[in-house]
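In what comes next, chain A is part of two complexes: it sits with chain B in the first one and with chain C in the second one.
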Partner chain A sequence: MRAFLSDFLSALRGNRRALAGGLILAGYLLMALIGPELIPLDPTMRYAERFRPPSLAHPLGTDYAGRDVLAQIVHGSRDVLAIAVLTALFTTSLAVGIGALAGYSGGMVDAFLMLLTNIQLTVPAVPVYLLIGSVFQVRDPIGFAALISLWMWGPLARAVRSQILSLKEREFVEAARVLGLGTAHILLRELFPNLTPFVVIHFIRIMRDAITASVGLIFLGLAPFSPTNWGTMLNLAVFQTGAIYIPNALHYVVAPMAVIVLFQLGAIFFAHGLDEILNPRLRAPA
Partner chain B sequence: MSRGSGMITWCVFVITALALVLSACAPAPTPSPGPAASPTPVVIEKVVTPTPVPRPKEFVLGTGWEVPPAYHGNPFAPGGVGGAWWFVFQPLLIYVPATGEAIPSLAESFQEAPDRITFRLRQTGWSDGTPFTSKDVWASFILMKLMWNWPGEVDRVETPDDRTAVIVWKQPLANPRALISSAPILVNMAAYGKFAEEAAKWLGQTGPEAEEALNKVRQEVSNFKPEKPIAIGPFQVESVSASEMILTKNPHHYAANRIQIDRIRFLRWTSNEVMWAFHLAGELDASHAAAPKDVADQILQRQPKTRLHLVTDLSEFALLFNLRKAPFNDVRFRKAIAYLIDRDKVREVAYFAGLTSAPYSHGVLKSFEEQWLGKDFLGTLTAYHPDPAKAEALLKELGWTKGPDGKWRDPAGRTPEFEILAQAGATDWVLAAEAIATQLNNQGFQVRTRAVEPGVYPTTLRGGQFDMAIQFGSAWWGTAHPLTGYDRLYQGEAAEFTGAKDLMTAAKGPQGEDVNIAQALDRLLKEPDPERQKAIVRQLAWITNENLPVLSLLEKRLMIFHVDGVRVTGWPAENDPLWTVAPGAIERFYAHLLIEGILKPAP
Partner chain C sequence: MRWIRRVLLAALTIWLVASITFVVVEQAPGDIFYLMAQEIAQTRGVSIEVAYAQVRSMVGYDPTRPLLDRYLEWLGELLRGNLGFSYFYRISVNQILFQALPWTVFVLSISLLLSFGIGALLGLVIAVRRRSWLDPLITSYASLTDATPDYLTALLLLILFALNLKWFPSKGAYDSSLTPGFNLPFILSVFHHAALPILAYTLENIGAWALAMKGSAISVLGEDFITFARARGLPERRILTHYVGRNAILPMVTGLALAFGGMFGGSVLIETVFHYPGIGWFFKFALDHRDYGMMRGLLILTTAAIVLANLITDFVYPLLDPRIRMED
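Right, the complex of A and B next:
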């Protein structure tokens, strides 16, 4: 494990795209962990101070109600990242479990699980979310992430199944079978390590998609409206408060947009970089 | 691909992109005279001056409609007519809420009696060429009853001759003029007579046979989908596309010669933001797209010929309490909440053009407070000025305590979390909910906002799945009378949301008397004397203010952006009471201005 980590870090240092992505994501992680302690959020509305341009007191200016935009972004990062990571965790676990089981078992199990996957892929998410949201109330990031994950695992499950179908015919798996090793051993010790790069890359992509999905769910009313959620901030800026039409309010539009774009960019860079590092076929010759 | 070649490709891409951007920024090349390639003289035989195509005298508005092929002209079938409604249909009279005056419209005159109004109809025609008769009035009201079960106050329509229609009420009404003003004539006998005659046979009858027959007619009416509406109003639908709807003059209309605008061009109103953009670009002549203050300022600044007129929408935004649920079922808790909210600050953020309802919450719109209640009576009501000390006293009386963390704890020692619901997409409601949540959180409560998808918002509220919610409180649409507002608060939609329909059937009046609210509303409905109406309204106002089924936040005022001097001119003066025709049906106001020749093409 230590050797793997050492190899990984060394490869990461050599891949500038992955390094840049990793640094961006690490920055976001730091912001979520210690940012709220450093920058307090005062939610009091001061209408007379609305849309103030960036200044020392308000480095990213103020919003439609005179509140500090930077503080909102920093405080929003905790929820946004928690939802992103948890969604990725739930979705990946579900997708890998279903995909691996379907691909390895074949037969009726495969047919049944792929039927479920196809249903998930073909039925639009919004009505399902509405249905679930009318029964269960989302109150925290865990519930929120679980709700998003519920209708997000299909594509990855299908991809994992394909990978397993390909891997299980390889010689090392045949050898394991000949040696009489059990299914659990073959799945956990032989197949999953080969899937890791693929899954890690998808994990990061799902984090990115989760941020987009969370905004949609907030506006469907399936999750509490959070004024510091970056997506909500952007929506408020563009649609609800008309900041996009007000020249001295552009900072309010640009700030949440920039953090979302930068996060997405970091996630893409990191995912692509990891793909290059972890996939031997893409790794540059030494 | 190696990393080095990747970098080179990247650099080439960036340089190419920059080159493209810079070349696009360059001024357009001007045609150079070039060398005289041929000395051959050119003989100009005739100079043709292009005849300028006369600009159509148009009036550009924004509205919504079903996109073709779904669009159709049946006002009774879902998706029909769209925003052309008040231009293609016209009421018998126009009611002006500010003065109580009724201006004859499709009727040239009318006479009122306690149980009826007799209309002398104008000699005018439908766009299909058929003349307008009293039978059309009869058919319209029959089909309104059949399809909408409205207006319930009308007993029957009598047609003594072709040009006389008599609307007979079931009982004397508080404000019959407003009702007639909101009920346009929609159909003629030529196209819809067969449905009306069949419906008339069964309306008023009960039993399975009648119900089956009525359902059959309803189905037939819904299935009838002419391509365009048959217009009795001043304009007819010329064309409809996904982006524009064009109306041209109805040549058979009595005022066709007086109307100086040739056509109405509607731009599709998909959201307020789209309307703001149209206004900023100078594409619209008028709209009532509610806008934040800064956006409104931008529009007025960038389009100097644009004016903004504020007029009551005859409605108020309110914070609805779920009376079925503790602690909101206790009036002392609701009062504590009222004392903790600075409603004027909510107005600033959510709807700056509104009139704050503070310090009262009596169900009479702020603009009409003086007319219906008066200063002396207002002095007898509890005034809910922001006062945390009073709120604290009420909460402590209820057994609530404030913990060392500054959070309120209920009598069981828990720190409950509350939610304020708002309809997603309703900018002002979401912002109001957010502003109230922030204020309550600052006072030690844990309150969150949830924006609910419009399709499920009313169902969620009706189902009682909320603590507090933003919705219309008292609303006087259609009648401009407090009766409609109280009916909404105690028997109508708002009452279904709060639970007041079942939970607030009786209350103590200002003198400690027992008041049955349904009976009070019925007395108000049947009371023609204005002074006696006021007495009942004051009783209901007192009950509403002291029991707070809802907390009124602000009176909504329509923000009517209108451009004077570009395509049209002649808008009424700022203080003209005609503006109060706009709430509930702003196109009716525009159509009236055109019919009367008040609004005309700009020179």
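Right, the complex of A and C next:
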């Protein structure tokens, strides 16, 4: 494990894009973990100071009620990242479970699971989230992550299935079967380790998609359970306070947008770089 | 035989989605009907019990009847083309949908053709000229648009071109002072209003199409028939359009239906941002008014539209690509 880590870190150092992406993601993680302790959130409304431009006291300006925008971004990051990580955990487990079961069992089980997967891939996610989310009234990050995971596992499940299909014909799996090892052992100890790099990259992609989806849904007005979620900030700016019509308030709209795009870029670079590191065939000759 | 299987699978998909949405909406908190009853009781001056009975018969919601009965009745209506009842407007969802769907399909099909056409052209160019400045530019552009959710692109366009520069209107599908019909001012107004939504989808998707086309074209460039065409001394331009382009674009056609589906889902956010009265806008409207009946109808219609688009692609693709026809 330690050898793997040091090997991984040196490969990361050699890959500038992966390094940049990794640093950006680490920055967001720090912001979510310790940011709220460092920058206090003051909810007092001071309408005389509304929509102040960025300054030393307020690096990202103030909102419609004179409150610091930076503090809201920092406090919101905890909520946004919690949903992203939880969704990635739920979705990955669901997708690996469904994909592995379908690929390994074959037959009717496979046909049924692939039908479900096709339906998931066909029916667009946003309307599904809105219908289910408003009927069941999601109220917290865990519920929200569960909602998003419900309609996001398709691509990974399909990819895992085809990986399992090709892996299960290899000699080492046949050897394990001849040795009389059980299905659980073959799946967990022989097949899954081969999927790890590939699942890690999907994990990052799912985090990205989860942020796009959750911020978008909260922006639309579904489940506004956190006042500082970036989606809530956008919702307030666009639908509630008329900030988009006020030229002076541009910073209030752009701040949540910018943190979302920067996170996505970091994740894209990191995933792309990881792909190059973990997949030796893509690794550029040193 | 293969076609029958495809059509059955499409029908099965729509039926499953419809049934799941039926069950989900059944779980909806019942107080929505009570709220409606309260409103009716106030406006018509009847007692709350009478109003509640009225609402239940109007919506066709009678909790005393067994679930299976209600499901079968609802399914029968669905088969006859009735997508259900809007709790808010108290009319069949069909009237709303058939007014809204053309706008969404109009914007989506133009955006799809534009982004596909421009993207494929750019992809072809960078596949052939690998060392030009255009390649890194398009790759960065694709990463940037991949990183920007479509609703943020839409929001930026709205703020910049509609609210600040005022080049384009910020709501509606046409100028309400004009009479809808086949006259030039109306058609111009329709395009003027659709321009920003179309631009949002197109900007968002060009990069992905360009990268897909680049990959596809590079693999075609390695084929022997390209070397042979060059050896025959055919002009480079003709090789690019007739030999590389035509072969490289075919595998991407199957992606069109998939992209159409993705854009359909995204229309809820985009149409809300631009106040564009397509089915996405009505979905947001239904969300705000907790109109589960309308949401259910919209979701079934959206699914049907995408399944149909997939089916059409499946039928058309073999006509375009003789290699697939041979394999059948």
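Definition applied: the second predicted complex is superposed on the first by the 253 of 286 C-alpha atoms of A that agree within 3 Å, B and C clash if a C-alpha of one lies under 4 Å from a C-alpha of the other, contacts with A are read in each partner's own complex, and residues count from 1 in each chain.
Following the convention adopted for this analysis, contacts are C-beta pairs under 8 Å (C-beta built on N, C-alpha and C of every residue); 3 or more make two chains touch, one makes a residue touch a chain.
A quick note: this is a predicted structure, and the numbers were derived from the prediction, not measured.
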Quick one: is A:64 in contact with chain B, with chain C, with both, or with neither? Answer first, second, both or neither.
first
First (chain B), second (chain C), both or neither touched by A:245
both
For A:175, select first, second, both or neither according to whether it touches chain B, chain C, the two together, or no partner.
neither
Using the superposition on chain A described above, determine whether A:225 touches chain B (first), chain C (second), both, or neither.
first
Which of the two partners, first being chain B and second being chain C, lies in contact with A:130: first, second, both, or neither?
both
Quick one: is A:253 in contact with chain B, with chain C, with both, or with neither? Answer first, second, both or neither.
second
Would you sort A:43 into first (chain B), second (chain C), both or neither based on which partner it touches?
first
Touching A:109 in the superposition: chain B (first), chain C (second), both, neither?
neither
Intersection of the chain A residues that touch chain B with those that touch chain C
130, 134, 219-221, 238, 244-245, 247
Which part of chain B faces chain A closely enough to touch in the complex?
2-3, 271, 273, 276-277, 280, 291-292, 294-295, 298, 345, 348-349, 417, 419, 421-422, 424-425, 427, 430-431, 433-435, 438-439, 441-442, 448-453, 456-457, 460
Provide the residue numbers of chain A that touch chain C in the complex, in ascending order.
115, 118-119, 122-128, 130-132, 134-137, 212, 215-216, 219-222, 234, 238, 244-245, 247, 250, 253, 257, 260-261, 264-265, 268
Residue positions on chain A within touch of chain B in the complex are 43-45, 47, 50-51, 64-65, 130, 134, 139, 218-221, 223-227, 238-247, 249, 284
For the complex, which residues does chain C have touching chain A?
9, 12-13, 16-17, 21, 24-25, 27-29, 143-144, 146-149, 151-152, 155-156, 158-159, 163-164, 261-262, 264-266, 268-269, 272-273, 283-284, 287-288, 290, 292, 295-296, 298-299, 302-303, 306-307, 310
